[in-house]
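Shared between the two complexes below is chain A, which pairs with chain B and chain C, respectively.
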Partner chain A sequence: MKEEHGDKHTKRYGMVIDLDKCTGCGACMVACYAENNVPFKKDETDKLDSLNWIRIFQLTNGKPYPDTEICYLPMPCQHCDGIGKHGHPPCVSVCPAIATDYDDSTGVVSQIPTRCFGCRYCMAACPYHARKFNWWDPVWPADTKKYLNPNVSTRMRGVVEKCTLCFHRYQQARDKAYLEGREEIYESEYQPACAQACPTNAITFGDLNNPDHAVFKLKNSPRAFRLLERLHTNPKVYYLSSKTWVRRAGDNYLENESRPKSNRQKIHS
Partner chain B sequence: MKIDRRSFISLGVGVVAGTTLTPVPWKLMDDISIWTQNWPWTPVPKEGADTYKTSVCTLCPGGCGIQVRKIMDRAVKIDGLPEHPINRGTLCPLGLSGLQFLYGPSRVKAPMKRVGKRGEGKWQEISWDEAVSAVTKKLKELREKEKPHSVAWVAGTDKGTVPRLIGRFLTAYGSPNFIRPPSVHDAYELAVYLMQGQEGAVGFDIENADHVLSFGTGLLQGWGAPVRMLNIYGEQHDSRKIVQIETRLSDTAAKADQWVPINPGTEGALALGIAHVMIKESLYDQSFINQSVFGFEDWTDDHGTRHIGFKTLVREDYSPETVAEKTGVPKATIEKLARRFARADKPIAISGRGEGLLPGSLSECMAVHSLNALVGNINKPGGVSVTSEPEYAKWPEVNIDMTASRGMQQPRVDGAGGSKYPNARYLLHRLPEVINSAKGESPVQALFVSDANPLYTLPNTKATKAAFDRIPFLVSFSSFMDETASHSDYILPNHVFLERYEDVPTPSASVQPIIGLAKPVVRPVYNTRHVGDVVLQVAKSLGSFVEKAFPWKDYQGYLKSALKDYWDQLEEKGFVKVKNAKDFPWANRFNTATGKFEFYPSARNQPSKNDKKALPNFSPVPIEGKPEQYPLVLMPYDAMRLTSGDVGNPPFMTKTIDDTVLKGQTVFVEINPATARKIGASEGERATVATPRGRAKVRLHLFEGIAPGVIAMPKGFGHTAYSKYLAGKGVNFNDLIGPISDPLSGLNTAWGIRAKIDRA
Partner chain C sequence: MNTNDQQQPVSDTASPGTGDASGKGKNGSGWIILLFFVIGLIGSLAGGWLFFPDLLYSEKQQPIDFNHKLHMGVVYEGCQSCHYFREDGSFSGIPDLYSCSGCHQYPQGTNPEEKKFIEEYVRPNKAVPWLVYSEQPDCVFFSHAAHVKGADMKCQTCHGKMGQTTHARPYQENRLTGYSRDIWGYNIARLGEPKYGLRMKMNDCAECHKKRTGHKGACFQCHQ
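Then we have the complex of A and B:
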């Protein structure tokens, strides 16, 4: 299976998030809650126990008024391919229950809550804090149970959850294509809830291996970078920014270290 | 057996070793955890047939098209409608949270009558017949006392068929007091009325503009139709530049091509400084200024009196040096701003702060609109134009009786349109003051509130509450237990937008006339009723002339008769683009006395003797508080993740809020690190903010993006009603500020207040 990675028939679904476009409105977060049955509590201000599959972070260049700049960075699970793209993201390698796995046909890092027994080894291994632990059983007050999506199972206390790239939407699209006698699904047929909702179209989603998909070109933009690239986690979530300080904030650099060595240096900003 | 020390210890060790080694407790603990995890607490959503229904979102004036995914009779997800021209398949966090309004914990589930004291929260469920007859009884009583004008109705908007139905009801009943909450559009509409003689909503064709000069407007923070603005921003045409002039590094300022920090409250001066440079360097549209404007050059009136024109005023009083001193914007920047604005192909200047729930100063609005005139970009594609609402609601004239006629001739209770504020249409913020200062009984004897929450949204909450306590009969039509509903005598809950029919007129600040139709996507979840139907039922029970004004069986029949030709298309698609040539704003002409764009508004009812006051000028809005006592300036800010109007923030959106904005139940006040250093405060510290109007416990967030000496607080917290997912979180900015009426228009202009921070 592993050899299939270079095969052009293998899909590698991923995202390109344009930080120049993101205004931090929060539509992606809410679309995700609504699509994936993410519960809410009275107090959600302790971000360590607040369940979010995608969360917007605010970056700042730290300069004093009026030279201050801020930038919003939405962060879902990065769906790492792992070193050498062998399908070994940090979390998958450590899971003792095979509750999280790397899907070789799509590149999606899955999460199966019913298999998880809550050891949270994956959370410790994930360098992006993309995984969240259910400290409490979810509660849907009043009649809010009625809006739950039957395509996504609700999670119980004691398990880990995270972004699945709305894998249920992929399954639905695949079923539809199968019924219509197609082998391939269209780019527009499978879009996660966050990408679909984004009012500025900052989030582009598609098959990173498919030259016809928008993400294929975007990921090679001179503005592109990934988070913590030096860890060789090989994320499938790319970011675009025209600002050097933002691209530099994507990794931990020492104060006097030279700028990231890549084609990104070419642009000025 | 004698227990000595030795046997006691060995027994103890034995017990410890035994319990550790035996599998029983471990097995029990394991069983308990597995057993409790299997308690049926986590629901398994039922599967079923999957359908999509199209409708329109009415949670804000944006009017986005939505498609609601349904599983059997349950609505499970709201997505944007791809073919809708405003949002093109995308949606904002509020629209995406729509189902939390439908099924959420703060809904009023049946008509209710207050049984305890006001605001105590003791209610009795009543039938709809009882509710309608209670309202009818009160209204009959007031008419018999010849006091129909003591009835007032606060409705969320004045556009669309529901407000018109309410207006028609009030006319037939005999009250001139239809009031809607203030908005930035009040100031735009008034400025445009004075300068162009045109009445109607003001549209900004930003889609086709290439340079947007925004004087603090929250273009990306909920202004106008929020998703339309975000869509336009996302297109990222290299040719379109956004310049944001604002004291705080807001989300709009952060995303703009250029952020111009400015001293708070001096935006109008900067606009005139820019005008100065444009005139001095002859950068204005010569042909438009020469042919289509009045009051630019000096002029002589019929009596032979000389008047100075806009050109002279600006050249004399608003040189870049003077303006730089007032605004804190360097002279070179002012010149650059002017040149870039003037040289753009389709430049637009926009005034008004934040999301646009505050009308702002009329003179500031006129000063900014003068820039649009200088570039001649008015009533043109890519410019600013007056749009007329598509005329679909035309009904037979109302015949009224003598009582109603006498009532209609009384002055409005809020003073709008009266001798003091002849040009204003609604002045809701004055209502508390009018009621509180009245001697004897309150001039408002019965108040009806629909799609509005004045007890939360009006400045100076304390005074508003005192005023409402003087109104003997208070009825709310809210679907939710909001502040006003929880303080009223009767609640007659309306359906939420996913359960009812309602037309949605052209989205706020948009140019293309669109009619949308919100449709019942699911059957009403609770025992609620459409506010339009309740109005019709009350009219019927009042009988005689009032009844005759409403020849419709129900609201749906009324809506159908209003929308006639559009109905079928609306039912099918959810929206109609009106393609009538006369609806396109660029066909409109200036309708002033001179037939031109007037820098010197001749239509103003009380012409000022001082030319400099009559022309667009900078008259700073004074803010409350003495600088010696209150060294800082407190300003509110709007954010896309927090609603600040009549709709309470849904739990999903509250969940998205950063922990540097809200922590636990406490809100953060943004303060510049330099200011914080002066008072010795550090990040996250608890403190008290005090203004002349009130005090509040807060935390401090050190933020480089706020000007030194200024502090900022988000609008939308401090609710006392709704559910535990919103109530008690943070502070309502309106508790800390009072209204300041614009001397020209009467509109509320209070953009900030002086404040101090006491460290806890």
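Then we have the complex of A and C:
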């Protein structure tokens, strides 16, 4: 669509996750599994080869009782904009098959499993481990095949998959807008499954460029931070936390590190 | 090492004159074999494409010989009378049994196909297993709303004169891929005007998008 590319209507869909509200219940993960036909194994105890498009990390401040603090951090694909917002996330730059690209009109980083041949360069490049590899063909026990979402194609063995920000929901919202002769879709029309499933409303989703959307205000909050921001991946997933140790953990400072400024200089030198 | 050292001079001295010639002969026969291979390949490909272009496809008949022209004469809203948009913007595609049985609860005429339709599908309340000429793989997202409503395109642009057909043409399935022949196009070289509407491979979509919107679009525009 011509009007979608590179003009003032360009959208940047993203998320703001309030870690002060997240209880680590895992509803977002369950909703994501169901919505996106994410395969699972009979025995999921080995998390190293589990597939999940969003998963919850447990952070701790490492202090003994009674000062122990726990924070749960849900992590989907960060949909990086790349340096200078030129649409070059780390994974897109390395894919030899153009199986992943950056959509200029929405800012969503795509993954096309039918084009992917499983070299897993993107997984190596992704600093967030947001991409998952299908080590096996999916097995849908008993009748669960009938409950698969028809709007999301299932994947096969040997390809990489990841969060798409429920892009099929965007497509459906667009379809409705076309039918009603609208140019724009409403904020409520396009919400990913995880944001809708969150019982504490910790996940807010919308267009980061649109001042009318809730995320626009939230991302400028003093509590806001992004993961590994000093890598300049420019993610579109923001986190909110009132705790300093969480914000520091988000940027992955080691205990003996001093200041972020000195680290940045170290990287560039 | 030892044996090699001994053999090397022997072979060198044994054929100072003939060795050269035999080497050339070996090279030459290799080229001839390659030439025959290439001629054989081109010959068999051309033979297949020119004389047996249908060998790649198996033919299936539609369950009911549907007359589009007849129906277009009695409905009021053209194609969208049966192939309509739902309220949520999705496209209904091929009508379900319920849409047909509204009129065809009892025979409207004496057509044997209609009789067959009522006896075999309407009475037992069984969906008709229509074969979709433009069926795309599972990973493809196609928005009819974007094209028909957004870009104001006519049905005929992609589907050809389907609405004017009096008989359902046989569905040809590619034996290798399992997809309809309409996707690749009826001409194996993909040249000339398409016979039944537009060809529907990914490159065809991209080409048209490039021409009309100036951009091929991102992956997720058509993939899911």
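Following the convention adopted for this analysis, the second predicted complex is superposed on the first by the 246 of 269 C-alpha atoms of A that agree within 3 Å, B and C clash if a C-alpha of one lies under 4 Å from a C-alpha of the other, contacts with A are read in each partner's own complex, and residues count from 1 in each chain.
We take it that contacts are C-beta pairs under 8 Å (C-beta built on N, C-alpha and C of every residue); 3 or more make two chains touch, one makes a residue touch a chain.
Remember, it's a predicted structure, so these values are computed and weren't measured experimentally.
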A:Pro222 in the overlay: touching chain B, chain C, both, or neither? Say first, second, both or neither.
neither
Looking at A:Gly84 after the superposition, I want to know if it touches chain B, chain C, both of them or none. Which is it: first, second, both, neither?
neither
Contacts for A:Thr100 in the overlay, against chain B (first) and chain C (second): which applies, first, second, both or neither?
second
Could you list which residues of chain A make contact with chain B in one structure and with chain C in the other?
153-154
In the complex of these two chains, what residues of chain C are touching chain A?
85, 87-90, 137-139, 141, 143, 145-146, 149-150, 213-215, 217-221, 223-224
Can you name the residues of chain B that touch chain A in the complex?
33, 37, 41-48, 71, 74-80, 87, 89-93, 96-97, 99-100, 102-105, 107, 220, 226-227, 230-231, 233-234, 236, 249, 251-252, 254-255, 259, 261, 525, 640-641, 651-660, 662-665, 672-674, 704-708, 723-725
What residues on chain A touch chain B, complex-wise?
20-21, 23-27, 29-31, 33-35, 37, 40, 42-47, 50, 52, 56, 58, 60, 62-66, 68-72, 137-150, 153-158, 193, 196-202
The chain A residues in contact with chain C across the complex are 1-2, 5, 99-106, 108, 110, 112-115, 151-154, 164, 167-168, 171-172, 174-181
